[in-house]
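What follows is a group of structures, each given as structure tokens.
There are two complexes below, and they share chain A, which is joined by chain B in the first and by chain C in the second.
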Partner chain A sequence: MRRTMPPNFPIPLHAPNRYSPPMTTPDPLTLNSWQVIAALDELPPGLVERTILLDTPLAMTRDRDGLPVVWRRTDEETGDEIDPETIFDRLPVTTGYGFVWTSLGTPPTDLFPIPEYAEPDRVNMSCGSIGIHVSAPRAVENFLDMGHFPYVHTDILGAEPHTEVKEYDVEVSEERDEVLATRCRFFQPRAALSATDGMEVEYVYRVPHPYCSVLYKSSPEAPERRDVIAIFLQPVSEERCRAHLLQSMIDSTSTITELRRFQQTIFGQDKPILENQYPKRLPLDPRSETPIRADKSAIAYRRWLSQKGVNYGVIPVAS
Partner chain B sequence: MITLYDFELSGNCYKLRLLMSILRLRYDVIPVDFFPGRQHKSDWFLKLNPFGQLPVLKDDDLVLSDSGAILAYLAKKYDETGLWFPDDPAITAEILRWHAIADDITATASAARLALGFDYDFDVPKAQAGAHRIFRLMDEHLWFGEREGRDWLCRPAHPTTADIACFPYVMLSEEGGIGRQDYPALRRWCDRVRRIPGFTIMSGIFPAGRALEQA
Partner chain C sequence: MTLSLTDSTWYPIASSDDLPFRHVYQGQLLGRELAVWRADDGNVNVWENRCLHRGVRLSIGINEGGELKCQYHGWRYANRSAGCTYIPAHPADAPARRIQNRTYPVREAFGLIWSAANDDQPFQPFPGAETGEWFPLRPIPVNAAPEDVLAGLVTLAPDDQPADILPGLAVRLGAAHYFVQPVDSNRAVIRGLLQGQPEDAVTTLRSYNETLTKLRDRLERAARKKPAPEPLQPSFEQVSVDLATMPDIAIPRGNTITVVVKRKWASADGIIGFELAPREGHLPTFQPGAHIDVHLPNGLIRQYSITNGPGELLSYIIGVKAESAGKGGSKILVESVREGDLLSISEPRNNFPLRRDAVRTVLIAAGIGITPLLSMARFLDKSSLPYELHYFTRLGEHIAFRPELEALHGKVQFHTGLARPEIAQTISQTLGEWSHAQHVYVCGPSALLESVRVTAATQGWPEESIHFEYFKNDKVIDDSSSFEVELARSAMTLQVPAGKTILEVMREAGLQVPSSCEQGACGTCLTGVIEGECDHQDVYLNDTEKRANTAILTCVSRAKSARLVLDI
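Here is the complex of A and B:
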């Protein structure tokens, strides 16, 4: 989306200014939702890992059965040995898509569905959890954007002169309560590691959670099926998040290391662009930034966040 | 045949990719899952480099580690012009001094980036302050160099491996929360490095716009 510069621009990037976030108490939806905090495989049994969720320090480990245990951190340090049986005051926890999810409130029974993850021939993997200095909603919005492909992911997800974002459809699915963008098409020189030639790729984007997005794109190896790439953002603070990256691929030849490398290459290109977004929280007022046609999904996403009353990592519409 | 054991998001691996691109060397890549897989601490990798650090480069049967050492090796073995690592003893000393500073940049700017991006348990404010101290000195050195008609870190009228060694973690510093606004000469040097013929990018480092005189 085109950024409308505030009148006193340029502002030193790291200086406090009128966009500095207030200490926001997260809205009820955010507090009561499942939030991702770690890749399950990377959590060592019997040892403490630390993280921060919604400005709240957390500690976590895995018990003897390999199940995650999460609690509010006091003085625990990373790498401390701990007997999970001694932790009584636990936060709710669930596992899904290879990740650990918790909640500071009362979460629903189930996580949003990604049915493809369970298909037996898929290669499922975390591609790492990477800290970014931007709000979680900004990262979701960048994930939904195709306009940057030729410029940021040159010769991989796009290349000049194929810069047009063709007309696509966006709806908010009432039944599933998610933003859905379909019929997104883009010419990609190297759509996936398994791609050998440039191809026009069809994308479907879902936003089933205010801080999570799932992307489906035609698989070069099995054109009738779709590779799944998801980004789960952990809101660390209003202006920082951790991106937990999931790939669920149809690829019978590449190694996990190679598949991770491909996705990390893409994400590493997005990172400096994301970190230069300003303000770091996502403005929800439709007048604050100037959209173009390609931003249809971003507009729907911002409106959806507004309607849900999400207040964390965003600049709400002034009432 | 050259084989690079490589991690895409590593600035130290990128130093070698960059020099090999400039020297037009062909090489194979063996990806190492540094993050999140920590393969650089795995048994098979420790056999290549017991210190458990990337990059490692194999040239036929020769196994080398340490990015600065490998830069010197590649230049001495494959750079027919002899410009990238000149034989002159004083210049050699000058280059090695900057290779050491490149390691200090890794210990500060790269450490801050690892802490903020990859959840490493490092002291971020200390790493950031250390990087700013080095950047300030580099900026002065480069600023006075420009006054004397010197465009690069070392005395010769062309870039050397010293420039390659120091470049990546300067360019990636903002990922560690270290801005370069206050270092104009350092920024101009970054642009000059990005305009070296054969320059290649890595994730997080974009190509420079064309220089005015080339436009």
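Here is the complex of A and C:
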């Protein structure tokens, strides 16, 4: 396990002589899956952008048709001009939900489905990315978790004293190979109204990919339809990720800037908590942490990862 | 010497000044991170820096004075025991007491906080420690192996006055004692103590600081040239299987603790206070509303509520009603148990959990019923949650725990000498119309309970918002069913006919089964259930435990299914 200086260590220490632990080779599923690396509209045509995926440095750009090109980076720097035609050793690439996805192995033809994205009257937007010093699965688990709303997203997604997580249902859908949590309800205060005057918001969560999750939230405007918020995590290393956010909203009154700022506030609140979580990789052994009924979705998620043999960003169950 | 995770030496891990009021300090020893905090009672806690729920550092948590609250989901852990007392996601449930964080031994002495990786060694101050007054130097962190730091300190000794190497990573150089805190395999903190208060503290501190800073720079330069040692790899202890599969409830049984009657006093006319202290260390974690069974000298078992506030585990304080009538239990406690006597008590149980997710909490007590509500009020008080406490007594002299109640900051009202209709009216006004997230807790004679329940119901309070507790089983037991019990370990199958209890049938078959109250109140006859559906009729198990269907009180409860398999 890599150890780094805790951010709030009380006594200032100078650059220590760092020890680097051995690296994990990602399991086949992780290698052969599509992994998100950037928002499409933030990738400049003809210029190099750099990133890291599964400890592997990558470079990317867009060609004349606007299609992304991704390859293993050698000495390219951000902002270098490049002719995409000169790049031969390309990694597989696809675009989906406004993002660029690649793979270090042999990916499937399709990305997991989010059918709502195609509905004509929705506003789809990518809401930026945020780097978090924690594993991607820990970030997924945080996304599935309602219990922290009153403490971490105070007065936005929840507020003390309304802390109860009511019973909800979880299943692992065999046919779609995803974790599904339904009938999730949480008391949400409305900003302008008094604390006693809130409403119960209903959520549905899907985990269709080990590092991605999609949330459906009852929309105040059209109760029979739902706002969609998805989080795609880029596993940078075992203990670092970048969270890329997508919103697909029915809301016609808020501006894109407002909606973006809202999501960034939410993730900005999660970041310091997640970065204080130990171990940074998600422990899959049921006895490593203490789950409660409210954590049913997390329990199912951990089990699902275990069954799939995911080993990257997790601490597998000792055999 | 190489560092070991199991090194049982006591090392300083912080200065006393690092622990101001309601602060949580992040320390580190032998590769382990520690959350160090001082409770309002002065006790210093050194815990593993990790919430048992989801691993968030407790050093970013909130010190509430008697409990530490995690930032992520608000779990609360008690001062001293580190036991979890509250899980906000399930506000109506009492958390399993065995959710308990890892604690490390601690001692505060000579202006420093000392700790060790385990309990294997008693704390032993360095030679000569007790004789003087000590002045702590500013701590100097060093990025170098602790052994190298000690060796470096030794080189500071002048030629004519060799260093005096002490046990542990410590050394005496003239008037200064230096302790190397082994943070990890390549990090250390030098903590120094000077004998006596120096005349010019500022100059003295500066001069020591200069010397040590130079030493640090030298040590770090040398360390950078060496390969980095592998950090220590402390492992986190696994939680128990029960906890890992939390949705199932395990009901603790049978463990008793011996306590000393430390104090016995008349808290009010007709109410005697008892302070029960452990013979050493502290008592187990309890939650507000919890009670203990007291095993009386005459073999009877009686339940008494704990009145303590959060994190008060050095003793439990209970109130006992001195009943004039010859009721066995209380009478013996009041008349024949004296200060200094030993008693046996059970671990605390909670059938009266306090939700801390209310916008308004109303506590209504009469007489001795104040005891659990005093504890609740104290918890709400410490967390600055809104509550009001109404206490009905016939006479002013009957107000028990008056000084304790007057020390609370919330709305505490004594209602003395009211006639029945006035009491009813006060209750009705107090309750008012119900609105979301309001809860009422009642404890007292059954007339009061009834009055609050009826009034609350007519004023729109839903059943889940009205909380009370039974110590006696007043319910009429329905023993009309007949079924079969299989005793798994005794390899016996018995028929339980209508009109007979499981307990009676087992005894008739020659089994030795312990029991006490035989009315489903004391828990003595608790038996594990392996198969079948219970028809619980007791008042001992709480709702969650009843739903779990894993144990039964054989003196009153029966089966809904045709067959019941018991673990006996």
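Convention: the second predicted complex is superposed on the first by the 289 of 319 C-alpha atoms of A that agree within 3 Å, B and C clash if a C-alpha of one lies under 4 Å from a C-alpha of the other, contacts with A are read in each partner's own complex, and residues count from 1 in each chain.
Going forward, a contact is a pair of C-beta atoms (placed from the backbone, for glycine too) under 8 Å apart; a residue touches a chain by one contact, two chains touch by 3 or more.
Remember, predicted model here, so these are calculated numbers, not experimental data.
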Counting only touches as set out at the top, which of chain B and chain C does A:Q188 meet: first, second, both, neither? neither
Is the number of chain A residues in contact higher for chain B or for chain C? C
So, does A:G147 touch the first partner chain B, the second partner chain C, both, or neither? second
Would you sort A:E289 into first (chain B), second (chain C), both or neither based on which partner it touches? second
Partner chain in contact with A:S213 - chain B first, chain C second, else both or neither: neither
Who does A:Q234 touch here: chain B (first), chain C (second), both, or neither? neither
For A:T78, decide between first (touching chain B), second (touching chain C), both and neither. first
Do chain B and chain C land on any of the same chain A residues, and which? 12-14, 272
Please output the residues of chain C touching chain A within their complex, sorted ascending. 18, 25-28, 31, 33, 49-50, 52-57, 59-60, 71-74, 87-92, 99, 139, 141, 143, 184, 186-187, 189, 220, 223-224, 226, 228-231, 233, 236, 238-241, 243-247, 356-359, 385, 435-437
Using the touch definition up top, name the residues of chain A that touch chain C in the complex. 1, 3, 6, 8-19, 141, 145-148, 150-152, 160-165, 195-196, 272-273, 276-279, 283, 285-294
Across the complex, what residues on chain B touch chain A? 7-9, 31-33, 35-37, 39, 116-119, 121, 174-175, 177, 179, 181, 202-204, 206
List the residues on chain A that touch chain B in their complex, please. 12-14, 39, 42, 78, 126-133, 242, 255-258, 260-261, 264-269, 271-272, 275
